[in-house]
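Here chain A shows up in two complexes: once beside chain B, once beside chain C.
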Partner chain A sequence: MAIKVIKPGLATSIQDRGRWGYYHVGIPPSGAMDQYSFLAANLLVGNDENAAVLECTYLGPELEFQQNAVVAVTGAEMSPRLNGQEMPLWTSFEVRAGDRLSFDFLKRGARTYVAVSGGIDVPIILGSRSLYGLGAFGGFEGRNLQEGDLLPIGANGSAFVERSVPQDLRIAFPELIEIRVMMGLYDYLLTEEGLKNFFETTWTLTPVADRIGFRYKGSELRFIKRKQPFGAGSDPSNIVDAAYPIGSIQVPGGLEPIILHRDAVSGGGYAMIGTVISADMDAVAQTQPNSKTRFIAVDLDQALAARQERNQRIARLREALAA
Partner chain B sequence: MSRQQILSPLPGTFYRRPNPTSEPYVTEGDPVTADQTICLIEIMKQFNEVKAGVNGKLVEFLVANEDAVMAGQPIAIVEIE
Partner chain C sequence: MSENARSTARYSYGGDEQIFVQLDEEMSLQANFRAMAIAELIRQRAIPGIVDVCPANASYQVLFDPDVIHPQDLMQELQAIDNEVGDAMDFDLTTRIIEVPVYYNDPWTYETLMRFRDRHQSPETTDLEYAARINGLDSVEAFIEAHSGSPWFTSMVGFVAGLPFLFQMTPRERQLEVPKYLRPRTDTPALTIGHGGCFSCIYSVRGAGGYQMFGITPAPIFDPEQRLPDFADFMIFFNPGDIVKFRPIDREEYDEYRAQVEDGAFRFHKREVHFKLSEFLSDPDGYNRGLMEALNGN
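Moving on, here comes the complex of A and B:
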């Protein structure tokens, strides 16, 4: 039994917590871009926390269920409709064989998560069911969903329990997003003015924002003119190739900063001026093109405190949704 | 006669032409058919065609070429006979 894809949406993929431990050999973690909303969706339907879900970007799919199931929709505001009737977000609901699930236009945020009791049961590759699109593996046949796909559902789905995420544990969508950054390793290559511009500019997210990276415009960041070292490209923003952390920010040509996200390449020759702290990567994932972002510098202690705060929030979420 | 708005299904950048050197898909005042492409929305390096969705006359575009649009935002008005 399965779910049939009637319309695939724009870029709907199967994701779980991710594929850890292979980035050093060039395979990125992939996995849900907004891990908090992903976790909430699984907890709502009584799944294992790492069950695979659908990640729907900007435009939702239309799905036909061929079996009864429990479903929950979290993340970006794209209201689900069951046989045309609007259903709540952040709340579990039952679907029957033959039911159709569709979505309204996106209102706020960028990525919506759809968990189904039992999880989407595609093969586990290198420890994960997540799609890595550039590598054409994982997910459903190594690609985004297409019309007519039959998505297998795991057999051990839970019985329906009505659960809802309390309002204060849902994600917020501020008009101006503040993203915390730890500077380094190459921020010293920026001019003083370039560094100042990075923090004083209100950046606009361009439409070039996908699972690999998020590109912003708004200002020019000058790099110090120097004699490029052997092995580095000729532009002042080039370095001798180095490993790219997830969340690292590069500024090719000093023009448009790019935040690398969970499907990023693992290394290259652009100077990383800073790295988004792990606690703020979910917020990056939920930004829309043309939305406004400011970057705030934090130190390691502040970054670790933010991570702890995020972990406490996750603990409260688990507690609120415990059966 | 009634008027119907065409909504953008996606957030992104709005384009009237298939490429910078081509003529626009539709000129204001032209007749359109439901399956006719009226514009492109660019997002994630993909250019998505938006169809008119109804038969009629495209009276007016509500956004300028290369403007940013939101999902659900009205982008054009079609007069239906």
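Moving on, here comes the complex of A and C:
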């Protein structure tokens, strides 16, 4: 029994918590880009926290269920419709064999998560079911969903329980997001003015925003002109190729900053000037092209406090959705 | 040199889940070898909370879970390990020497480079002709000889899954250097032998790229389906520290190897070797001859 893909949506993939431990050979973690919404979706349908779900970007799929199941939709505001009838977000509901699930146009956010009781049961590769697109493995046959795919569903022991995420534990979509960044890495290569511009500019997300990275425009960030070290490229923004931290921000040619996300290229020759803190990576994932972002500098203690706050919020989510 | 090398190390947090250490601004085998030795020692220590250790050309990074180990504590441990490793001159690396057959000047990279001439410094010549000229060599043949004549050290694996960065094991004055394309291509055939700056690489998958293209290898280096015997344990062939020797082949041999790949029978020719930086640096040419004997002897 399975789910049949009637329409695939724009870029729908299978994701879980991710594949850790292989970044040293170029395989990034992958996994749901908004981990909080991903977790909420699984908790709503009574799944294991790491069960695989669908991540739907900008435009949702249309799915036909070939078995009964419990479903929950979280993340970006893209209202689900069951056989045409609008269903609530952040709330579990039952589907019957033969039902069709479709989605309204995206209102706010960028990525919607669809959990199905039992989880999407594609093969586990290197500890994860997540798609890694550049490597063409994981997920459903190493690619985004296509029309006609039959998605296998795992064994589903638990009965339907109606669960809903309380309003204060759902995610917000501010007009202007503030992303906290720990500076460091190669930030000493920026001019003083470049560094100042980074924080004073209101950045606009360009359409180049996908699972690999998010590219922004807004101002120029100049690098100090220097004699380039042996092995580094000729542009002042070049370094000897290094490993890229997940969430790190690079500025090729000083022009458009790029935040690397969960399908990051693992290394390269562009200077990274700082790294988005772990607590804010979900928020980056929910931004749309043309949305506005500002960067805020924080230190290690502030980053750890933000992480603690996020962990506490997750603990409250677990408590609210406990069976 | 060792004290100086260590004093240039620059420690930095990459957010709250990563520590990034730049060992040197410049590329050198010494800096790379320090990264390898430090990464190896970190792995041996099995420090709780460490998620991944990524040695790179002249730097490394550690991914960790700050809920398990405090970033400041980990930073201190890394600095202690750095001191312990020192200049890594006598670190004994157990690694492999691997022969990689290369069909230089092949029709597929030629077709691709012709499509992107408008992004190249020298649109009227091929990548190989350009590389030969700016390295002061009088022919493409001479360049191929220089490229395949000495081994290369896998100084980093990454960018995309399984792509090795290769650093030539010759004194700096003999290292081949070629700038990247002016603007990156949107296409590179899988298994292209590329070169940018002082690094060669093997593109593991088809995709964008900015390195000059010299040829193609018939041998897969990334096999997610793990069909070939070299991939029985893992889908990626190269590890940091692997030593590569290119061997020029012609179309006929290329086709033979491709047939072996199709049949699922292809295996790289390779041997286990021990590598010591101090021994290499004292006599690079003699050391490389020894590596070749290890590769080709019985």
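Definition applied: the second predicted complex is superposed on the first by the 322 of 323 C-alpha atoms of A that agree within 3 Å, B and C clash if a C-alpha of one lies under 4 Å from a C-alpha of the other, contacts with A are read in each partner's own complex, and residues count from 1 in each chain.
Following the convention adopted for this analysis, a residue touches a chain if its C-beta (ideal position, glycine included) is under 8 Å from a C-beta of that chain, and two chains touch if they have at least 3 such contacts.
Remember, predicted model here, so these are calculated numbers, not experimental data.
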Review point. Based on the superposition on chain A, does the combination of chain B and chain C result in a clash or a fit?
Key: fit
Review point. What is the contact status of A:57 with respect to chain B (first) and chain C (second): first, second, both, or neither?
Key: first
Exercise for review: Name the contact category of A:123: first (chain B only), second (chain C only), both, or neither.
Suggested key: neither
Review point. When the two structures are overlaid on chain A, which partner does A:303 contact: first (chain B), second (chain C), both, or neither?
Key: second
Point to revise | Touching partner for A:290 - first (chain B), second (chain C), both, neither | key: first
Practice item. Once the structures are superposed on A, label A:247 by its partner contacts, choosing first (chain B), second (chain C), both or neither. Key: second
Exercise for review: Counting touched residues of chain A, say whether chain B or chain C comes out ahead.
Suggested key: C
Practice item. State whether A:107 touches chain B only (first), chain C only (second), both chains, or neither. Key: first
Study note, to complete from the structure: Least Cα-Cα separation in the three-chain superposition, chain B to chain C, whole Å, stands at 12
Exercise for review: Quick one: which bits of chain B touch chain A in the complex? Just the residue numbers, please.
Suggested key: 7, 9-13, 42-46, 48, 68, 70-72
Study note, to complete from the structure: Residue positions on chain C within touch of chain A in the complex are 12-18, 20, 22, 24-28, 39, 51-61, 63, 66-67, 71-72, 156-163, 165, 172, 179-180, 196-199, 204-205, 207, 222, 224, 235-236, 238-240
Review point. In the complex of these two chains, what residues of chain A are touching chain B?
Key: 10-11, 57-59, 104-107, 110, 207-210, 288-290
Study note, to complete from the structure: chain A contacts chain C in the complex at 20-27, 125-126, 132, 134-137, 142, 182, 184-186, 229-234, 239-243, 245-248, 265-269, 272, 275-279, 300, 303-304, 307, 311
